[in-house]
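As structure tokens, here come the structures.
Note that chain A is present in both complexes that follow, paired respectively with chain B and with chain C.
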Partner chain A sequence: MPELLQRTVLTRHLLRNPSLMIFLGALACVCLAVTILGEGFGIGLISTSFIKTLGKTLCLCMIAIAMDLVWGFCGILSLGHFAFFALGGYMIGMWMMFARTRMIVIEAAQNNVLPPTPVEISEAVGTQIFGVVGGAEIPAIWAFADLFWVQLSFIALVPGLLAYVFGWLAFRSRVNGVYLSILTQAMTLALSLYLLQNDSGLRGNNGLSGLQNIPGLDHVPQSILSIIFFLASGLALAVTYIMASAVVGSKLGNIIRGIRDDEARVRFLGYNVESYKLFIFVLTAVIAAIAGALYYPQAGIINPTELAPIASIYLAVWVAIGGRGRIYGAVIGAAFVSLLSSYFTGGQAPDIPLGFATIIWTDWWLVLLGLSFVVVTIYAPQGLGGLIDKLVTRERG
Partner chain B sequence: MSPGSTSSDGLHTVHRFISAVLAALVLLVLIPAIHPAIAKAGFEELLQANAGLIAKSSSKTVGPVLEQLRQHGGDEAEAFLTRWQAKELYFIKKTGQFVLAEKAAKTASGKKQLLIRDAVTGEEIGIVPAKSVRQIKPNSGVRSKIAATLVPFQLGNPDPAIRETTLKTLLRDIQPSHLAPLKAAITREKVPSLKSQMEKAYVFGMLAHGTDEAEVEGAIRSLAGDLSLDVRAALTPVLASTVSVATKLPDGVNIARVIIPGRTTRQGDGTAGRMSAIGGKDAEMSVMAAYDMMVAQGLAPPFVTRGMRDEALVEAAIDGRVGSFAVADLDNDNARDAAYQQLVDQGRAPALVSALQRQQAVEGAIFFAFYDNPSPLVTGAAHDVLNEIQTRVALYKYLDLLLDALSLASIYFLAAIGLAITFGVMRVINMAHGEFIMMGAYTGYVVQLLVPGYTLSIAIAVPAAFIVTFAAGVAMERLVIRHLYKRPLETLLATFGISIALQQLAKNIFGTQARPLTAPSWLDGAFAVNDVLAISNIRIAIFCLALMFLGLLLYVMKRTRFGLETRTVTQNPMMAASMGINPDRINMLTFGFGSGIAGIAGVAIGLYSKVTSELGADYIVQSFMTVVVGGVGNIWGTLAGAAMIGSLQKGIEWFNPSNTLAAQTYMIIFIILFIQFRPRGIIAQRGRAVET
Partner chain C sequence: MAPLLHVDNISVSFDGFKAINALSFDIGDAELRAIIGPNGAGKTTFMDIVTGKTRPDSGDVRWAGTNVSLLKRSESQIAQLGIGRKFQKPTTFEDQTVHENLLMSLANRRDPLAVLVYRRSQPDEDRISGIAQQIRLSESLDRLAGELSHGQKQWLEIGMLLAQDPKLLLVDEPAAGMTAPEREVTVALLKELAQTRSVVVVEHDMEFIRALDCRVTVLHEGAVLAEGSMDFVTADQRVIDVYLGR
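Then we have the complex of A and B:
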């Protein structure tokens, strides 16, 4: 019975949101097309590295949905969600690096006369991982690094806890608006500065590397792994999208929109505004962290520069360009801007000779992005999503 | 009185002996009322006796000659040494007589001739063929020895400049023989600064070579309260100590401290200190190092490390077995220990020492350090004096920290003051504020490229930076911000777009490498209070600039019509407009003013650090925090915020000076917590305007 009920709820939800069906259909088509065109299972028209780029883009779309929920729907301009994203990456990266190094160490010890003791193994692993920062001991925060399921739960727990503590402190004392933005930015800066230290236990500015190799799956080629990760990212994005649209369509969605538009009025109506904000803040932090945990194995490396405050501002930029307050807007913005960015900064775009000077896109792309962002903010505050809305209503009208 | 007895040069031994006796005679009998002629005669003979050594000197053999000359003393010895050092001496090949020589007219047949003079008196002797004399060329080692010998002579030189340079030579390498002439020179010295330097040199000499305990102690005590580096450097070796281990504390040595391995630390004055629970120094000696020392002294059996144990096991492994153990089972320490014990029992390996046994062995012995200087009187005095000096040094270091915090606070204040207007007064979130700072710094750089002379270029750069950033601010307000007054969060995003565009633009124009903004030379030095405390002039200048800005800003906002209109427009633009103020114009000018000030701050910050396109981005978060912590809309609040953040950061750095990253991290966390308790900052704005 409950299963049937669930199915009907989901079906009803889908029927009520045609955009959701369109999105899921489009996503499924993209996934199918990439699988067929990719090297792993298909005809090999798309390179593995491009599949990785696409997979990473899906993860960025996911964190953009989180950003849209917290900013576009709840009105909290958080400049810290990329910190949660990176933390999620660090959590999965710890397991990957530890488990892989451990395997390598054990394999190397095969030739020794004496079989290695547990102490010897952990010492060798410590030297392997922390040698670059002049350490040999495994820090306490790596205590569970070889337990996959524990570390997997940390992906949600650690950033979730950080978001909970930070949000509880900030919302409780009614820090809001611009002040909250600055405070979240400060939190991100503090975290990145902390991780930059060599004795932070996470390898300082070296970060964690070699994450594209999955422990225990050494025999699987990257072309197949990339497809698997791409499909997993697609699935995660679909789930996130459904969940986000469910949240937005529910009564909870009405309340958080109310908070965005007039926080004081919602409070006077008897709602505990702080709890709602905290819930959304933590929920989106966890979504961001999961996106990060899927992103960094595809990127292969994570280091503290990933969570510099500027990354979180870029996130806001994507959502704003895509169009706040609509979930598909966030997805469009993230996909559009990040793909365009990698196109222009990757050196693939042709330079434009102007006679007196040549426009080299790697140099001028950021200038263009910055200025176009100003233009979008002033003249199209609804972003690309707003344009689509206008087209749709015109057709209907 | 028998110099050179260790010399290997046997041929000259007899000569030297005679000359030494003669020199002694001269010194003992004739010095008080010496007749020049006789003295000269004695000196000549001294020289002749050592002619070979002087003419062909090496730094190894020249010592005895110099010693004789020093003991002979007098003007002629000084003159001779000075000329020898200056490579002015020649000697006649036939007679070996020392002379001075200068070029003379050539002979009719074209041979070179020299006019020679007496080496000591300078009297003309005559003209000789150039080939009959040879120049004496002492090498640098010999010359420095001559210089050291000259010291006592030159300390009495009437020219203070010579006395000063001599003193400097002396301080580099002070010898026992210098003490007496130095003491004599002190009583003669009239110039106070030289006199005190000489006294110090004498004390250092006593520290290094003094033999009388009481005298050395007196010398050390006379150094009390002197903060200069050389005093500390001279006192520290007196307290040098050697660590040793024994079964009981020995008598008759000058014990510095008793060491408990793993528990006590070594303090600067040579005594032992207790370890602090929160950070601080590590223990002087670990238990492991202590045990190793016991082993080295033969007080304990060697410790078998894990590596040694495993090596022994590997060697003993035959056909996959070590004794009764299978090698495959030796995958943990317990099994390996058991297998090794078997080897020990068979007498094939040294016994294991457990960690507990090691601990007990170390606890059973006494570790101590004794001073290399055997006299407790001397080390006690040095200890007292050094302690007192270090207390005062610590005090000055606190003062230095305070000044550091002050200068950091001024930099934060400078970076944030423009924001205090645009964000504090107008409530515009300008994320491009940092780029205005950068723009000011680059303006300074460009002006320096065009204008020669650092003073002039800085004088031009300041107003130029103001004009450039003022114009940029006005343009930005007109084109962007004006459209967004009702949407503050979007201002943040739009100005962020401008910020990344400007940053990249700067990178495209000036490149990614850092550009120098050179301070004029009068800003280069430092204002030194003593050897511990010195403030660089540039920091003083930045502090003064910050104060000037504060005054200027307060004046403009509180005392001018423009300030009044700005405040009016901020509080209620409609009302202001109905009073005949043009809010658009005022907003534009205010934003330009705030941006212009950021530009000037950029010049100052550029002088302090290098100019890069990320210069502004480095300060933007701190600047916003400064304004928010201080209290939005209040210039005094910005000052308070900057003071708090600056002193906080330096205060945290004090605990862990090597790690500024950690200091910044903890400071930001502290600020986040601080905002929880005072969300509106240190100086909170009150009234209805706050809510809207």
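Then we have the complex of A and C:
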């Protein structure tokens, strides 16, 4: 039996990485507990909206792993990965909105004497979706919105292609360090400004909404859908974690850490640094996009403010607090900070009256986050993950 | 026979300052060559040009008697042709183990996908332990490169060059910061290397150069001032004036 276990690549990988097993075990426990405590299948101790928050958190952990790969391991401080995340959300959102609107239109027309022609249906769908931006035409980019599998493949293809073109141009010109960060941020800003326009074809600042309703699954209550999305997010996170640890554990992991620490040296060893950066940049963009495609159906709405540059900066803060260059660090950072953030900004945190002023957490949370970022950078540059590492090595000897 | 490396009349200037001035010379097959010269003579810049880091303003660098000009190649392509380089300041990957440093340098396929699916093989492991023995780091394979002494880092870097299995090794100031016994080991190591490939050594330490016992090229203001045996060049009055006399 043990020999049989040794044989598959996955089990060998698991056995070599005890921290991976701990993580997967913990994730499985959380998934099980949430399912039991949730409303859909269990005893209803956790509200559906909180389950959605937890599910979204798992997606944020996933993009944090992507950020850690590209920044913590490969040294590219990208401030644009939330753009890929949001694009992934838009791609799945287009299908959801289109398919569902179409179903509603057809249903409404059932009482008509004559069945509606395809042109009539398409006009009605166009008015329904694009009325808010004063249009009725269905823009060309929605050509495949009705085809689930095509739109699903776009989740990876569109952000992947954007990352490829951007990365190819930037890395080939050897743009590095701060300049590269600024360039990624400019890309994000440009994309969000473009999407804000009413004639962008993606409903301007209204964004896409009603994404919590899955076309064809109207009869399934949200309490069950939320659990399904939560578990799907958990599965995606697990796969991402396994994949990321396989990448950093491979020889490619050595090379990208080498690029992070001394790019020129890697070149003189005969490696084409640009193609490695491009590989990691595109890979992580696709991970981010898949995370986004799972996130926005749980959020219910996506609009261009989601890809404001500040979002990508937060992402860097999460990874820095969690500990760069450690995959579990990224997960801890994202889970910890984003859950705290939704606690403090959700209005649940009690305000603190100080006499001369009152600390209202919805306003002060950002100050607290900024301060903790400074404290972590100064006193624990390896982040929370680094503290854990220290504890573990101390215990071992 | 055509030389391994043919440097033909290259010049480069930085902000009007001529760092290399119409420099020409050849390196033969399996030759050990020392390059000496005062600070700023252009020794490191010469290596920068050969390895593709700096583009010369004029002239040409030809490889292995072919029509291959190195000037049109990128750093990684030149490295893949078989030119390895040790930097003046030891540069190893300090965050990674000695084993990992050597593994990355091994002459295997260099494209991302091949590297991603690379599986450790017995021949590769044998080669790594062989090199580790040569560079006296067998005991330290699992230590981080950052934990090594200065001299050991220099050896590791030479080991990384060995692992690349280059035809030409460019070694910039290998003895800097080494203790006397470490220097002796390094001399032996470089001589051993030069039996199967060409090695170019830049050094300021005259004892070290003398111990290498090879042809010496003296650079001054970006051009060759003298060339010949150690005794020959050290007897040259111009060499004494610009370099040794100081």
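Please note the rule applied: the second predicted complex is superposed on the first by the 390 of 397 C-alpha atoms of A that agree within 3 Å, B and C clash if a C-alpha of one lies under 4 Å from a C-alpha of the other, contacts with A are read in each partner's own complex, and residues count from 1 in each chain.
The rule is simple: a contact is a pair of C-beta atoms (placed from the backbone, for glycine too) under 8 Å apart; a residue touches a chain by one contact, two chains touch by 3 or more.
From a predicted model like this one, the values you see are computed outputs, not experimental measurements.
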item	value
Which superposed partner A:367 touches (first chain B, second chain C, both, neither)	first
Dominant toucher of chain A (residue count), chain B or chain C	B
First, second, both or neither for A:272, with chain B first and chain C second	second
Which superposed partner A:320 touches (first chain B, second chain C, both, neither)	first
Common interface residues of chain A - those touching chain B in one complex and chain C in the other	none
Contact footprint of chain C on chain A as seen in their complex	247, 250-252, 254-255, 257-258, 261-262, 264-273, 275-276, 279
For the chain C and chain A complex, residues of the former touching the latter	51, 53, 74-76, 79-80, 84-85, 87, 91, 93-96, 100, 103-105, 110-112, 115-118, 160, 164
Of chain B, residues touching chain A in the complex	310, 313-314, 317, 327-328, 330-333, 336, 429, 431, 480, 483-484, 487-490, 492-494, 496-505, 507-508, 617, 621, 624-625, 628, 659, 661-662, 664-665, 668-669, 671-673, 675-677, 679
Complex contact set, residues of chain A against chain B	77, 113-119, 166, 169-170, 172-175, 177-179, 181-183, 185-187, 189-190, 193-194, 196-197, 199, 309-310, 313, 316-317, 320, 363-364, 366-367, 369-374, 377-378, 381
